[in-house]
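Before anything else, here's the structure in question.
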Amino acid sequence: MEEIGFLGMGIMGKAMSMNLLRHGFKLTVWNRTLSRCDELVEHGASVGESPAAIIKKCKYTIGMLSDPAAALSVVFDKDGVLEQIGPGKGYIDMSTVDAQTSSKISEAITSKGGYFLEAPVSGSKKPAEDGQLVILAAGEKALYEEVLPAFDVLGKKSFFLGPVGNGAKMKLVVNMVMGSMMNAFSEGLVLADKSGLNSQTLLDVLDLGAIANPMFKLKGPSMIQSSYSPAFPLKHQQKDMRLALALGDENAVPMPVAAAANEAFKKARSMGLGDLDFSAVHETVKGSKSSG
Amino acid sequence: MEEIGFLGMGIMGKAMSMNLLRHGFKLTVWNRTLSRCDELVEHGASVGESPAAIIKKCKYTIGMLSDPAAALSVVFDKDGVLEQIGPGKGYIDMSTVDAQTSSKISEAITSKGGYFLEAPVSGSKKPAEDGQLVILAAGEKALYEEVLPAFDVLGKKSFFLGPVGNGAKMKLVVNMVMGSMMNAFSEGLVLADKSGLNSQTLLDVLDLGAIANPMFKLKGPSMIQSSYSPAFPLKHQQKDMRLALALGDENAVPMPVAAAANEAFKKARSMGLGDLDFSAVHETVKGSKSSG
Amino acid sequence: MEEIGFLGMGIMGKAMSMNLLRHGFKLTVWNRTLSRCDELVEHGASVGESPAAIIKKCKYTIGMLSDPAAALSVVFDKDGVLEQIGPGKGYIDMSTVDAQTSSKISEAITSKGGYFLEAPVSGSKKPAEDGQLVILAAGEKALYEEVLPAFDVLGKKSFFLGPVGNGAKMKLVVNMVMGSMMNAFSEGLVLADKSGLNSQTLLDVLDLGAIANPMFKLKGPSMIQSSYSPAFPLKHQQKDMRLALALGDENAVPMPVAAAANEAFKKARSMGLGDLDFSAVHETVKGSKSSG
Amino acid sequence: MEEIGFLGMGIMGKAMSMNLLRHGFKLTVWNRTLSRCDELVEHGASVGESPAAIIKKCKYTIGMLSDPAAALSVVFDKDGVLEQIGPGKGYIDMSTVDAQTSSKISEAITSKGGYFLEAPVSGSKKPAEDGQLVILAAGEKALYEEVLPAFDVLGKKSFFLGPVGNGAKMKLVVNMVMGSMMNAFSEGLVLADKSGLNSQTLLDVLDLGAIANPMFKLKGPSMIQSSYSPAFPLKHQQKDMRLALALGDENAVPMPVAAAANEAFKKARSMGLGDLDFSAVHETVKGSKSSG
């Protein structure tokens, strides 16, 4: 594959870029705060001075931004993607954004003759480092096929889901289920503890049963220690819950459990935990006293 | 091991008894509706005419009843366990009941000199047939050790959790998390479908991610078909949610997600779905019209 | 009317007794902690040494206890109501208890030949002092008619609702609606404040609209001050939510809003606020930081 | 006052216009479907052919549209308000919209030199007919003072709440509390009925207590009859819940009860009840069978 551009060196973008470099891809990277690119440069990446400069230089550019506002900004702002995109160039937005944001970006890029693919991922820091993401692509099928070599490095599996918007939607559905599960898990951990059961034994029991899953196994031990080093920041999880609920609202789908989970994440934000890992929602279930 | 008595030939009791017979245990079984014992007899089991008769005949007796009322009834009613229990005899209640019910049975049996173990299980029909249950035992440690050979056949793993009540509590915690997860999953399936995504692709994506778990894999395909053949009846799942919430109430543990899930299961009961599989809660999320 | 016995000098019992004394009734009162009867004695009440002694002395005895356990205890314990109740004597339980507790007391008393009336009230400390309670009576109709003069002093209105249990149930329904409303109100107050609106103006606006009600008017100003002097303790409100939800569970009535409110009250208990006024649930909505 | 323009002849707009006409105001009205203006014309109103035409003709124009999209459309579309607004002209938007929509309209109008006031109302059809609305105005204070004579006819009280956005926010807070209360009330009605209590007696009891309010009194009797003639359509109430929850999200305010209520309204929409009165959420609580 040709040289790839990469916009956004947050937790995810950095891990994905490092992984691409390790597999021999040539990368030109950009981040709003340029210093976050240093480590990548040490490993062989070039740096571009703006999203526009990256697009100009590379046939394919991947964006991995933290939220819809940032995803829009790198495209539409001055020195943004739009200024250089055009026929023969492809932009792949791997950020988790709502379908509306994705459509807006898609329309702008295709109206300039560029190719667009939305390709949000399932998986956080560790899977990003290990190339074990699940990639949910939608949009221009030809572009999907051209960038498959990169997707094969970044993920263990990629899906092509149809028209633009479907990648964003699939991602939201998955993250919504995950957010509710994290709340259910937190409630279980506190209930066990307050009822005189051993928390580690609960983890062992869960791991043997019908609901055993990698997330419980990975997060459980640190949650028991009240340790919430951010792999997937709580405020981003809550954003995804919000967007999933909005999608449900559009389609008249009642989602009472997701709504309760969303409010717990909001409670966590109100407690100042928004920048910790989303497993910090655990703190909302704990009481400040043992009371009655 | 000596001959084992077995009380309760519901879905679970029958599967567990068949499994014990297959592994060479000698069983004497009893059920309120005796005809449900026929298949067991064909495979070599004896039948007892009452719980008391079983206890009299067997050194160890297992009970697997559908709810706290039934669990109490086989012990305390006329011709019940209490009439024949005494020194040298052990009763192992593997039903899912609340801690209070378990304590009541424990006290009655130990006051007669008998040994008691509560040993609720995690896992439904299929794991019961395959000896893949997880057994959560609590109570008399000596009895636990004596019946380990049977537990090794019934389950892939057994835990000894301490004083009576802890088995019941652990079971409730696990089932509560499971019930909330089933709701989260149902909401996800309907949201995907109403948003124009393919339901089977959602299952594939989930199965590759951090929240992949046997329950989603097992139940997903039939839920997409709106097929809810009862492995674990919804009304029993809802009972467990209720008991777990009551345990949380005692200990001042707020569990907003479990509470929302519980109300969805109650909604399902109000729709007449109580005897179907607990995955039928899926129906509460679907609308009757596409509306706006 | 003859002399009336009165068991239970908590916040409510004391206010009701004072009111009866003020209106010329002769009272003999009892409380587990006898010193709480002192003020009543100063205003002319006699003191009885036990529930049994009160029943022996008085034709009619009112009980106003804090919860089902206490209500059962004054009847069934040593020196309790049951020891002296019999033909020609009436016991009126005005505590808020579940229908089951009420039935148990009713059966015990009627089996001894006594008359029983359950008569829980709607209204807290202030209405109790002012004789403005609403009385929800059920059970023995003849007894209801005999004690009407006392009910006319204690309440602005009394209803006879039919068989025993219906008073308790009606009370629970009303308190459940009230508990959910208090949560809705708390959420509104915090949302207004955090959104830059004046809290007092919100109270003014609410008071002019379709949902204006005495509770918002009474509690609003002190809630704005974060002042929660207990008129109706939060732990008792949460008990009523729990019992109402249990009643809904029996009848397969989904009550997602009441369930969410109940969890908020449990959260408040976990924060150590159980003994404050139930309006202290307001604190669960406030965040510890302004965060994002 | 000068002649007033009025845009939007929905349930509310029509009732308000009729009221203004009755009090001697001269009105020029407009509606997308012009036939809805006929009744007004019979009572003396003139008709304008577009929002722009109305603005051109009148010094003050009131808008009362059904949702943010419609509110934006009359301003920004071809032949809209913006084409004729300018110095010396005032536009008063009385629709219930989110703060963002309101700000967008405000900015557009003030940038053309026009005056803007947002003035959403509390109260539905009946109060609109009777001039008993509560008006929540924010924006240009001078304009507020000039249109007070009209506000005095339309409402029993008007508030000036400060900068644009505050009227919208106050309205959302009030409607959110109202929506949660309607759910609490519905749950209470069904719980009473399924528990063997008389629904009318519940209404009587509620009306005597601390939570007595005009909405319960007005809606209760028709809800018991399962009659939901739309005064305030359910889909609009749900929209307000959604916007209030979004406002809470911005400010990190957890609102679990409002969230549960919102999901119930969404459930009602999924059942095809969106065009009925918002009290039709009652139907979501009722079961299809009595089941267990």
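Just so it is clear, A, B, C and D label the chains in written order, and each chain counts residues from 1 on its own.
Just so we're on the same page, a residue touches a chain if its C-beta (ideal position, glycine included) is under 8 Å from a C-beta of that chain, and two chains touch if they have at least 3 such contacts.
A quick note: this is a predicted structure, and the numbers were derived from the prediction, not measured.
Q: Compute the centre of every chain as the mean of its C-alpha atoms, then state which one is farthest from the centre of chain D.
A: B
Q: Write down the chain pair with more C-beta contact pairs when C-D is set against B-C.
A: Between B-C and C-D, contacts are more numerous in C-D.
Q: CA centre of chain B versus CA centre of chain C: separation in Å?
A: Roughly 38 Å separates the two chain centres.
Q: Please compute the C-alpha centroid of chain C, do the same for chain D, then give the distance between them in whole Å.
A: Result: the chain centres lie 37 Å from each other.
Q: Among all residues of chain D, which ones touch two or more of the remaining chains?
A: Each of 248, 252-256, 259-260, 263-264, 267, 269-270, 274, 287, 291-292 in chain D touches at least two other chains.
Q: Touching chain A in the complex: which residues of chain D?
A: Per the stated touch rule, the residues are 238, 242, 246, 248-249, 252-256, 259-260, 262-264, 266-267, 269-270, 274.
Q: Please output the residues of chain B touching chain D within their complex, sorted ascending.
A: Interface residues on chain B, with respect to chain D: 235, 256, 260, 267, 269-274, 286-289, 291-292.
Q: Once bound in the complex, which stretches of chain B touch chain A?
A: Of all residues in chain B, those touching chain A are 122-124, 127, 134, 136, 156-157, 159, 161, 166, 169-170, 173-174, 176-178, 180-181, 183-185, 187-188, 190-192, 194-198, 201-202, 204-206, 208-215, 218, 244, 247-248, 251-261, 263-264, 284-285, 287, 290-292.
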